[in-house]
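Same chain, two partners: subunit A is paired with subunit B first, then with subunit C.
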Partner chain A sequence: MRRAARMACLLAGVACAHSAWAAQPATELAAIPGGTFDTILPPAEKLKVATVRPFRMDRRTVSNADFARFVSERPEWRRDRVARVFADESYLNHWQSHNAPGAGIEAQPVTQVSWFAAKAYCEARNARLPTWYEWEFVSAASASAADARTDPQWRQTILEWYARPATEALPPAGSTAPNYYGVRDMHGVVWEWVLDLGSMMVSADNREQGDPDVKRFCGTGALSLEQKDNYAMLMRIATLSSMQANYTSSTMGFRCVTGPEATP
Partner chain B sequence: MKNWISIAAALLLVACGQQTASTTSAPTDTGGSLKGDFGPPQGEPVNAVLTDPPSVPPATGRHAPAKVIVELEVKEVEREIADGVKYTFWTFGGTVPGKFIRVRQGDTVEFHLKNHPSSKMPHNIDLHGVTGPGGGAASSFTAPGHQSQFTFKALNQGLYVYHCATAPVGMHVANGMYGLILIEPPEGLSPVDHEFYVMQGDFYTVGKYREKGVQAFDMQKAIDENPTYVLFNGAESALTGPNALKAKTGQRIRMFVGNGGPNLVSSFHVIGEIFDKVQQEGGTHPQENVQTTLIPAGGAVTVEFHTEVPGNYILVDHSIFRAFNKGALAILEVSGDLRADIYSGKQVDETYLGDKVANMAPVTAAAAASAAGNLTKDQQIKAGEVLFKGTCSACHQEDGKGLPNVFPPLAGSDYLLKNPQRGIDAALNGLNGPVTVNGATFNSVMPPMSQLNDDEIANILTYVLNSWGNDGGVVTSKQVQTTRASTKRPEGAAH
Partner chain C sequence: MKRLAVMLMFAGVCVGSEPAAPLPSASIYQLDAALTNQDGRTHGLGVYRGHPVLITMFYASCPAVCPLIIDTLRATEKELTPAQRADLRVLLISIDPERDSVAALRTLADQRRIDTSRWSLVRAESAEVRTIAALLNVQYRQLPNGDFNHSTVITLLSPQGEIETTSTRLGTPDPQLVSQLR
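Take a look at the complex of A and B:
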């Protein structure tokens, strides 16, 4: 998988050098001040906080129309050409054709995209996927507070997304209310890819907490989930950890950020 | 103790010599997983028959270990949890509980878990009948639009719960992700006339019990273990009304009853029956003559009984508020000939005043006024109220609203108000078979109340016609008398 990731970078990087479109961000980015916060995924056994440096984040999720422009510039990411190692059989299978989403869904967040494809898209824009901590930092905000995670009302609002079946049509990207940072769509629309997906090795059987088989974990070490009553976040982590980098799903989208990566 | 073990071992060794296990009586000790491996699978792989509740797949009928392929699809579906109340269930196979799986001890089960592309969540499965870490959970962790496979050998016989074990586990279970797998003993189960699949679960919604509309999962209620609904088979009407379980008198019934939880323990009881045999979990030493049996969350029980007397038998969690205020109620309809030698029905029902003579004063006053020929409507209503509370409210409730799916309402009842004569008929002759009241169908049995005299029935019906917003009217003693004279009482009716 690591080799595959490097190959994707290479491919995307080569393509990037020849693109005029790549310099144009699809959305105006919001400035995120960064800071230190309590994370649901502690970076180390005794360290419950994570630090993110200032960065800029897309104000909305990437739409089908955005992704269609990318695909027309980078035909190697068309569904009929993409290598299986980078995207599974369901990649962009909801589009009308190889390079057009079809009427009615252009404005919706793009889904059925693999982590490799999302990463290549952001890199083509001279941007990158957010890290989990960056995503988590911004997602903690409500409309009025930078960290609303202990607000029961805020939690319930997020949980209500899960009470609706995924067969409903997605709302247009950017149509939800902006949060504290002016960023939209963080909750209630789609799951989002994060850059460090490969290090989110939560046990597939989360009841093993406290007695993890250490050999199965690498990178960030044995993770133990904090904030066990924050179901909205637990589900996001569970979903991300179920996905391989070439997987796609009807509820997994993404957005991009710019700036140096956070170092916890 | 040590002596006992060596005796047991000796017995087992003897049993080993005749390993074909063609014995009809269960051995005293099955030896558990140590004796559960009958060698590699034989013959062609078999596709497991999976059934939706309340159906149970047929017996495997196999006498040798097989390779059994189970394909189970996870689907997130919105459906009714109660009348007019919708909830998004996460399901194994589209139903709550999930599909029933039936294999034989010693079988090698190749398990395929498919997560439908429209799912929002990743899911997995932990089968309590699996020997191995996590019961299959880690091996079956599956993203939306993907499938995974793992294989296990069913070493222990018994009835086992399976459930989803993806974080947050409690929420996946609370949304309906559980079911039962039966691992038959090598000799199979004894033949019965009906096998049913029933599973209890507790549900947590933001809105109150029966609050209409789409209801979301309430995390705090779940953590507080304060359910909004406690249900058999995932919906209030899953096993009532037209969906009631059906059997005849003189039949052997076996119920596989599980409890998915996530929180509550069930005190499972069938009103009017006694379990001849109860096997807890995989137990091979059944308990006999059981009234109420405890089913732990994440546990299961096999109950068997024989039907003798026709009628409706109500399955409840005998933590009884759950049955009448949270939905834990199901019905087994048994049809057949009356058996008055076993159960007579009501033989005597007469006024017993005790020290409450004063309460009966309106009835006495009305009777006197009727005899004198100067009975007023107001007297009738006052007398009717006392009689109603003593006789009718047990089923139709004091507020006249009845019980959904079981006892029809009298308050605002189009059935009654359109034609009050129906009230006279029902009171005198009882009511048997389906009736539609305010758009809902009821199929219960009302016994004849012909032990009440004409005055009393007239007074009760007049009270009913003038209560709870009903628009008035008077039923006279004469009308009741005419009906009584012109209809034949069903056989066995109370006098």
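Take a look at the complex of A and C:
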């Protein structure tokens, strides 16, 4: 794959310089076989399973150093140049300067990036953000099982993350234990943007559950959630559905995937 | 190559195009998107720059609510003076690029007798649809049967593409939208 990229560069000549870094993914991607699984976010009424096609996923979250390389290639994504419509005021404002994260945080997952910026980063790498179902599929895995969601001990491990103070420094990207697929950082590090952020049509108000707000949503209305005892995943959904695409947060990072997007 | 650049420069001068003022930072026209309209013509999101624009997202095969979107846009226009109406533009962007071909958009425009001198029905590739929906804060989700759930948001853009106001009211004109347009 990498050789093919280099060949393409040689053929393209000048264009090569621009995409040189893009040809080198942050990490070798992990192969995810895909499959059908019980989802927390049912695709339709009475349909509680989702299917994902095989794809490849970054083994770790994108780091500040990775993102700094992107920003130097695409200066329109520098914090001093980015259009407000794509990123709010706190976009990358924890960096030392507009093009350097600063000593000590290079290896940490990049945060304070908007969905637009994350999407542009992945596209520059010829990749894309994962869909929610792709992310959920991989996140179900423990170190030893593809779907460990009913394992009480594993659930407890995830929940303990939420008990940690938010002021604690983020661990380096890729420093948590690999899961069944060899993917790290799915839990316990940061929230992660998903491609279909705008499809998480979860009612903001619990009282609307079972009483779809037909004014807001054309069709069958807000989704109702499954697995109501899976607090860790419910929190993740709640966090994502509260974010607008130009928002940034000190706990929201991302990773990329490659492969055809699964249709419902 | 250099000669071509020079020729292009002259071409620019010949048609008398003034350099466009930079877009405001909050303008959605900052997005470099390729839209194709009901006549097969491709243009950017800012095709109606310079005019107030009502922008919304829909899909042509939508059974119930989407026809209502067109009705609502029309009813909103009717509240304006002829001069205000002549200045207004309406952009309907499909969330269903798979089924909403140029031909499908053309058919809908004909069926609904849409004045395509001021209104456009457009499609974009799915990655761009997602980005546009994110800019407009439109939520949508394809259902297993191919239909969509989506939030209906009519957005008023300033002549420079800034979001001035949004409305989720359907059926009757939103008074706030109308007063902004006047």
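Criterion: the second predicted complex is superposed on the first by the 241 of 264 C-alpha atoms of A that agree within 3 Å, B and C clash if a C-alpha of one lies under 4 Å from a C-alpha of the other, contacts with A are read in each partner's own complex, and residues count from 1 in each chain.
The rule is simple: a contact is a pair of C-beta atoms (placed from the backbone, for glycine too) under 8 Å apart; a residue touches a chain by one contact, two chains touch by 3 or more.
Every value quoted in this text rests on a predicted model; they were computed, and no experiment measured them.
K.L.:
Looking at the superposed three-chain arrangement on subunit A, would you call subunit B and subunit C a clash or a fit?
P.N.:
fit
K.L.:
Tell me which partner A:D196 touches in the superposition: subunit B (first), subunit C (second), both or neither.
P.N.:
The answer is second: A:D196 touches subunit C but not subunit B.
K.L.:
Quick one: classify A:H98 as touching subunit B (first), subunit C (second), both or neither.
P.N.:
Neither partner.
K.L.:
Quick check on the superposed pair: does A:T239 touch subunit B, subunit C, both, or neither? Answer first, second, both or neither.
P.N.:
first
K.L.:
If you tally the residues of subunit A touched by each partner, is the higher count for subunit B or for subunit C?
P.N.:
Looking at subunit B versus subunit C, the one contacting more residues of subunit A is B.
K.L.:
Output check: A:A163 vs subunit B and subunit C. Expected answer is one of first, second, both, neither. What do you get?
P.N.:
It touches subunit B, and subunit C stays clear.
K.L.:
Examine A:S249 and indicate which partner it touches, taking first as subunit B and second as subunit C; both and neither are also allowed.
P.N.:
Only subunit B; A:S249 stays clear of subunit C.
K.L.:
In the overlaid three-chain picture, which partner chain does A:R128 touch, first (subunit B) or second (subunit C), both, or neither?
P.N.:
A:R128 contacts subunit C only, not subunit B.
K.L.:
Give one of first, second, both or neither to describe whether A:R155 is in contact with subunit B, with subunit C, with both, or with none.
P.N.:
Only subunit B is touched by A:R155; subunit C is not.
K.L.:
What is the minimum C-alpha distance, in Å, between subunit B and subunit C after the two complexes are superposed on chain A?
P.N.:
15 Å.
K.L.:
Once the complexes are superposed, what residues of subunit A are shared between the subunit B interface and the subunit C interface?
P.N.:
244
K.L.:
How about subunit A: which of its residues touch subunit C in the complex?
P.N.:
Residues 43-44, 47, 83-86, 115-116, 119, 123, 128, 195-201, 215-221, 223, 244-245, 261, 263-264 of subunit A touch subunit C in their complex.
K.L.:
Show me the residue ranges of subunit B that touch subunit A in the complex, using the header's touch definition.
P.N.:
Answer in residue numbers: 76-78, 87-88, 117-122, 124, 126, 133-134, 137-139, 141-146, 165-169, 171, 206, 214-220, 223.
K.L.:
Over in the complex, which subunit C residues touch subunit A? Could you list them?
P.N.:
Against subunit A, subunit C makes touches at 23, 25-28, 30-31, 62, 64-66, 126-127, 130-131, 133-135, 137-145, 147-152, 168, 170.
K.L.:
Across the complex, what residues on subunit A touch subunit B?
P.N.:
Residues 88, 90, 152, 155-156, 159-160, 162-167, 191, 202-208, 225, 228-229, 231, 234-235, 237-239, 241-244, 247-252.
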